[in-house]
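These are the structures in question, set out in turn.
What follows is a pair of complexes built around chain A, which joins chain B in one and chain C in the other.
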Partner chain A sequence: MMDLAKPQVMDRATQSVQHAATQERGVAFVDALDGIMGSARATYDEVLASLPVPHRRVERWKYTPVASWWNEVKSAEPMTAAEAGCEPNPIPGFDAYRLVFVNGSFDAAASDLPVHPGVICMPLSQAPVESLQSIDQHQPEQAEWFAALNGKFASEGMYLRVEKNTILDRPILIHHHSTGGGSVSFLRHDLVIEANSQVQCVQWSTASDDAVGAVNVVTRASIGENTRVSLDKVQDEAGQIKHVAFEDIRQDRGSRADVHTVTIRGQWVRNDLAFRINGEGAHAELNGIFLPLDGEFVDNHTTVDHRVAHCTSSENYKGILYGKSTGVFNGKVFVRPDAQQTNAYQQNANILASDQATMNAKPELEIYADDVKCSHGCTIGQFDNEALFYARSRGVGLEAAKAMLVHAFIGEVLQGLAVPEVRLEVEHRLAEKHQWEIWSDHPDNES
Partner chain B sequence: MAYDGKDKVLEEVTGKSYEFGFTTEIESDKAPAGLTEDIIRLISSKKEEPDWLLKWRLEAFAVWQTMEEPDWPHLNYVKPDYQAISYYAAPKQKKQLNSLEDVDPEMRRTMEKLGISMEEQKRLSGVAVDFVMDSVSVATSFKEKLGELGIIFCSMSEAVKEHPALVRKYLGSVVPTRDNFFSALNSAVFTDGSFCYIPKGVRCPMELSTYFRINESGTGQFERTLVVADESSYVSYLEGCTAPQRDENQLHAAVVELVALDEAEIKYSTVQNWYPGDANGKGGVYNFVTKRGICHRRSKISWTQVETGSAVTWKYPSCILKGDHSVGEFYSVAVTNNAQQADTGTKMIHLGKNTHSTIISKGISAGNSHNSYRGLVQIMPSAANARNFSQCDSLLMTDTSGAHTFPYIEVKNPTAQVEHEATTSKIGEDQIFYCLQRGIDAEQAISLIVNGYAKDVLNQLPMEFAVEAQKLLSISLEGSVG
Partner chain C sequence: MLKINELQASIDESKILKGLNLTINPGEVHAIMGPNGSGKSTLASVLAGREDYGIDGGTVDFNGTDLLDMDATERARAGLFLAFQYPVEIPGVSNINFMRAAVNGKREHEGLDPIKGKDFLQMVKEKAKLVELDGRLRNRSVNEGFSGGEKKRNEIFQMAMLEPKLAILDETDSGLDIDALRVVSEGVNAMRSPDRSFLVITHYQRLLDYIVPDFVHVLVDGRIVRSGGKELALELEERGYDWIKQETVA
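Moving on, here comes the complex of A and B:
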C-alpha cells in the first residue's frame, strides 16, 4: 500500500508517457542535428533519452501539435545582421544595450554590450565555463524534451551577471533574427541577478519574410533578494518559423519579477514560462497577449510554483483569435504544503473573432496549503455586440469600433509592459499587422 | 408490464433464499478469479442472455484487453489486479444479524444522526427483518402506479428479457464500450443494474429511486444503469443513499447512461457514501464510474451529486448536448476526509445550437485528503450561441489536504460564451468566531458554514434527500477541524 496519507505533489515527469513512433522521430531529429551542428553539451544525451518526445498523450502537449518540427534538420547559416538585411535595433531610436543574434549566432558588430560597474554581460560562448556549469547544476531547465534539446545543442546566448546593489541604467535588448531556409537556431540565456538590483530585459525575435525553420530559446533567471527584474518578450516573426521558448525564473525573498509575453506574429509559437518562488514576500507578475491570424498557432503554458509562505502572484493572459488561428492557454498555480498565506490570481480572457478560430484553455489550480487565497477566471467569448452597436450608432465604422474594443481589451496588459518604447512599438506593429488605422492617432500613442 | 402482482414482488423482496436457490444449481456460486472469454460466456449464460448481448460483451472484452488503465487522474492508488477478481458471484449473502443490537454501534450512531427510520436501519445493516411489510406494500403500490403510466422500472437483467428491443437500441449508445478502460470492463462483465423507460409525454409522478428496489441493493461491483426518457417526458431518478454502505468489493466500475429524447427532462441525483477506508487510508472502495447523458432537441439533463464516500473516486457525469436548445447541468459537492482521494467533475459537450450548460462544483477537503475538479467544456463548430458557466470552489479544512482544479475549455465557435471561475479558500476564523460568540460551538459552526457553502448544490436535490445530505456533510466532516 502506498502512503496515501502523504500529500502527493504531482511531478510532471511522472505523468509522461512515451509514444514509440514519436520517440523514434524525435531521436532521428536529434541524430540529424547532431550530424550537422554537433552537440554543445553531451551530458544532455541521457536527459533527452529519458524524456518523452511531446505528443498528444503527454498532458502538457495535448493541444500542441509538434509534427511539423521533424522537417527542420538543416543547419542554421551563420550570418551577420548586415548580411541578413536586418536592422539591429528593432525599435527605432530605442536607447538600450543590445545583443544581436542572427540564426542563433552572435553578431558582435551589431551589438552594444552593457558597460556598467557591477555588470558582466557577454555572449554565452565567451562566458566562464564554471559559472555556466554552476547554473546548470543549480537551475536545470524544465523537464521537457525541447528544453533538453536546447541543452544539448545551444552554444550561444546571453550570459548576464549583475552584482548586488546594481541598478542598470538602460534596458538590455536581446534581438534574435531568423532568416533563410530551414534553419534551427538554439539560444540559451542565463541571468544571475544578485540582491538589491534592478534590471530590465527585452527579448525581441524577428524573422525575414522568407525565413523557414525553428527557434528554440531557454532563459534561466535567478533573481536575488529584493531584486526587481522585468522581462518583456516580443515575438514578431514573419515567414514560417516555429518558436519554442522556456523561461525558468527563480525568485528569492522580497524580489519581484515581471514577465510580459507578447506574440505579434508567429506561425507556431509555444511559450513555457515557469516561476519558482523560493523566498518569502516575493511577487511574480506574468501577463501576456496573443493575437494570431490566419493559420497561426500560439500556445502559452505558465506555471507558478509557490514554495514558501507569504508570496503573491498575479497572472493575466488575453487572446484574440482571428482567421483559422488556434490559441492555447494553460496556466498552473501550484501552492506547496508550506506556502501558507499565498495570494495567487490568474485570469485568462479570450475573444474568438472568427468562426474558424479555436481556443483551448486549461486554467489549473493545485493547492496543498489551506490558508491561501487562490482564484482563477477564464472566459471565451466574442466582441460585445452592444458595445459595437454603441460605437456604430455614434458614427464609428465596424472595423474601427472593433479596433477600439481590442485596444481596451489588451490595453490592460500592454500598459504593464516595463519599457514604454516596447509598448509603443508593439502597438504600432499590431496595428500594422491587423490594419487598424484608428490606433495611429490614438492619444495613448502620443505619450 | 413485468410486474404481475404482489406475489412476484414479495418473492423478489424476500428473495434472498430464492436467489441463493438459483445459485445452488451450479457447481460453485463463484466463478474462478480472472477474466477470460469463458467467464463472460458464463456470466451471460447464467443470466440467460440473448446472443447479441453476449456478442456485445465479448467485443467489449476484446477492446478492454487493448486498453490501459488511465493514469492521468490526480490520484494515487494501487491499481487493482483485474485477474485476481472474481467476475461472477451469486449475490453475496450479508451476514444476517438478529437484531439492531448486533449492528456496529458506530454505524448505528451515524444512521441515527441521519434520521433514518428503524425499519430502514434494519434493512441497510442487514438485520434479518421478519418483514418490512410496510416497505413491501409501498414498493408494490408504487410499481402498480408506475405500470399504469407505462413506465418501465426494473432491473437490467429483467429488462434484457422483457424489453430487449429498448435495451438493444439504447445500451451502449451513450457510453460506447470502447469509451474508456472502466466502461469497457463494465460492458464485458456487468451483472445487473437498473433500467428505466418513461414513455412519451409522461411525467413520472414520483422520484424513482433504487431505495424501492430493495432486493437489488448491492447488485454490486459492475452496475449498469440505463434511463431513457421518451419525448416530452420527465423523470427524477435517485441513486444511492445517504446511509454508510459497507461493501466487500473494493472495485466498483459502474456505467450510467441517460437518454433524453426531444423535450424530455431527466434529473439524476446521486448520494454516494461508500466505505471510505479507515483514517489511514486502509481499505475503502474504489469508485470508478462512467456516467453520461445525451440530450436531444430541447431536452435537459441535470446531474446532482453528493460524494462523501469511497477511498478513491473517479467520476465525471457528463452531458452531450446534441440537440438544439438542449440544457445540461452539473451540481456537485465532493467531500473528502482522512486519506480519501477524489478526481471528479463533468464534461459538457456542446454540439447543438443554443445549448446551455451550468457547472457548479463545490469541493471540500479535510484531513489528508485530496479533492480535484476536472471538467471539460467543449464547444464544437456547430454549436452556435452556446453558453456555459462554470464555477468550481474549493474549501480547505486542514493544511495537509489538497484542492485542485483542472478545467479544460475548448471552444471552436465564436458565438459561444464560456465563463469559468474558481476559488480556493478556507473557513475564515472570523466566521467561526462569530458563531462561537453567539453560543454555537465550533463543530456546529463548521457544519453551518459548510452547508451554506454547498447550498447551491444541495438545493438541487429532492427534498428528503437534501435534508439527509446536509446531515451527511456534517457527519463526514466530524472531527476534521481541531
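Moving on, here comes the complex of A and C:
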C-alpha cells in the first residue's frame, strides 16, 4: 500500500477531545515517572508542559502511533549484564572501549572505559556538573516532548570529552540492554569533541526476548573544527520494546560527522536525527537501513540544517518492509539564506516486500539560498521481477534471489558503516533474522 | 529430452503460441528461425518458467517430468538453461556471487554440500577461459555496464558453469562481433555431448555455420510451420520468410 500523504479524516469535536485525552495521559505519565524516579530537574517541567504530547494530530507524529503504550509505568529494575544474561560485547571479539548499561543503569564491571591521553570518559552520573551545564545551554529538548522527558529523567549515559588533536585508538561502544518489565529506561550521551580529533562511536541496543517497556535515548554531540566523528547506531531489540532516540549533532568548520542508523529489529522505533551545521566546509553524512518484519514499526525523522555557506550533506535511507510492517521516513533539509554553495543530497528508497506493508515517505526541502545544489529522490517500489526471474532461471531459489537483491539494495549503506566489525555483525544478524544464506565473512560462518 | 505437444500460451489476453509441437532428443542441436514477433522468445520464456505467460493448452515433457508443473528455479535445477536475448542487469550483485548462488542451488538439488571457495574459483577460471570472459567482468555487478557482446559472452559463461542438459540460446549471436561469434560458438561446440541438447534461436545463417544444427524449424505466428535439415537455413537466408508464409496460408 502506498501512502504518501493520507489525509486525516476526523470530525473536529472528536479531534480536540482525543487530543486533550492524550495530553492528559502525557501528564499522568510524567507524574508516574516523577513518582518512580524522583523529579530530577525542575526546569524541564515547564518545557514539558509547553510541548504537545506526541499524537497523530501533531505534524511530526502524524504517522507514528504513540498513544497506547505508556499506560503502565514501572520502575526499571537495576541489574548487571551478568544478571540479565546479556553478553556485554554484542560483537564477539570486537576490540573497543565499552560502556554497558542495563535498564538505564551503568554496569561498571561489564564496561571497559577509555584510558587515553586527552580523553575524559565516564558515566554521566559521575560527570562534573559544570560540564553538563555548558552542554545544556543548547537544549535540543525544546522541541520534542520525548526529548524533554529525557532531559527531566535521564540521569545516566556517557559523558565524553575529547581534547583537541586527539585520535582515539579504538571505537567506543555503548551497549544498552533492556530486560523490560514495563519500565522506561532513559539514557543521555553527551559528547564534546574538540578540534582536529577523530572518534568512532558505536551505539548498540539489545533486549531480552521477553522484554516489555521503553527506551528513550538522547545523544548530543558537539563536533569541533576539522574533527571527524562517526556514530554507527544499531538497534536490535527483541521482545516488545518501544525505542525513541534523538541525536543532536552540532558541527563546526571543516568537520565531518557520520551517523549510520541500522534498525535490525524493534517492535516500535522512532529515530529523530538532527544535524546543525554551524561552520563552513563541514560535511554531514547520514545513512540508514530498516527492514521491519510483520508487526514492526520503524520511523526515521531526520533534519539537516545548513546554516552557513560551503557545506555538504549526503543522506541515504533504505527500507525493506515485510509482512504487515510500517515504515516512516521524513527528511528535512533546511538551507538558510546565508548557506550559499551548499551541496545537499537526499535519497530514500523503499521496497515493499509484501502488499500488506505500508511506507510513509516525505522529503521536505526548504531552500532559502539561491546558489545551491540540492537533489533528492524518494521511491517506493517492489522487487525487480526481471532480476528475480533471471536469478531463478539460474537455479537460485526465490527467497535466496530476494535476499540477494536486498543485500544489493542495502549494500552501499552497509559498506558505509564506519566500523567494519559492526558491518559484519549487522550482516550476520540480518541474515539470522531473515534466514538468509550468509554472504559475509563473519567468524560464525565457516564457508 | 524435450517433447512439446500442442503448446498454447498467451500474454495479456493475446495469444502468442498457437499449438506448437517440437521434440528434441539427447545430443541434438535444433535451430529455430522466424520473423520478428513470431513467438520465439515467448517459447523460450515459457519453457524457462516466466510467470507472466498464461498456458492455455498443451504439454511439455522434460526428461520424463512435466515441465509446466515446475517453477523457474526447479526447471533450472533440473537442467534447463536459457541464455537471454536481453540479459538482465542486477546492480550490486557481483557476477561471481550470483554464480555461486546458482551453482549451490543446483548442488543442493543434487544433495551435495555447497561448493568450497577454492573449488569454485578454479571452476570459474576454467569456464571463463572457454568463452574468454574478461577477468574483470567476474567481479563486476551482474551485466551492469557490460557491452552487448560482453553480456552474451556472460550468458554462455553461465551456461558453462551450470552444465545444463538442455540449453536454449535466444539470439546469442546478436550483438557479437565476428571474433566473439567464433569464440562463443566454439564454447558452445565444446559443450556439445551425446546427452546435452541445444535449442538455438537465431535470425542468421552465419551462427549456424559455427554451431551446425541437426534440425532447423521455422516459427511463424506461434506455430512451427516447416522443419528441415541445416539446408533449410540456407534457403531462408536466400528467400526470406514470405514464401513459407504463403505456402502455410495456402
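Rule of thumb we're sticking to: the second predicted complex is superposed on the first by the 413 of 447 C-alpha atoms of A that agree within 3 Å, B and C clash if a C-alpha of one lies under 4 Å from a C-alpha of the other, contacts with A are read in each partner's own complex, and residues count from 1 in each chain.
Just so it is clear, a contact is a pair of C-beta atoms (placed from the backbone, for glycine too) under 8 Å apart; a residue touches a chain by one contact, two chains touch by 3 or more.
This structure is a prediction, so every number in the text was calculated from the model and none was measured.
Of the two partners chain B and chain C, more residues of chain A are touched by B. In the superposition on chain A, A:Pro65 makes contact with neither chain B nor chain C.
In the superposition on chain A, contact is made by A:Ala353 with chain B only, not with chain C. Applying the stated contact rule after C-alpha superposition, one finds that A:Leu405 touches chain C and leaves chain B untouched. Of the two partner chains placed around the shared chain by superposition, chain C is the only one that A:Glu386 touches, whereas chain B remains out of contact. Once chain A of one complex is fitted onto chain A of the other, the partner contacts of A:Cys374 are limited to chain B, with no touch recorded for chain C. Of the two partner chains, chain B is the only one touched by A:Gln340; chain C is not. Overlap of the chain B and chain C contact sets on chain A: empty, with no shared residue. Chain A makes touch with chain B in their complex at residues 1-2, 4-8, 10, 15, 17, 59, 337, 340, 350, 352-382.
By the touch rule above, chain B contacts chain A in their complex via residues 71-72, 74, 76-78, 280-282, 311, 338-339, 341, 368, 370, 379, 381, 394, 396-426. Contact residues of chain A toward chain C in the complex are 384, 386-387, 389-398, 400-401, 404-405, 407-409, 411-412, 437, 439, 447.
In the complex of the two chains, the chain C residues touching chain A come out as 48-51, 71-73, 75-77, 81-82, 84, 87-93, 97-99, 101-102, 104-106, 109, 114, 116-117, 141-142, 158, 162.
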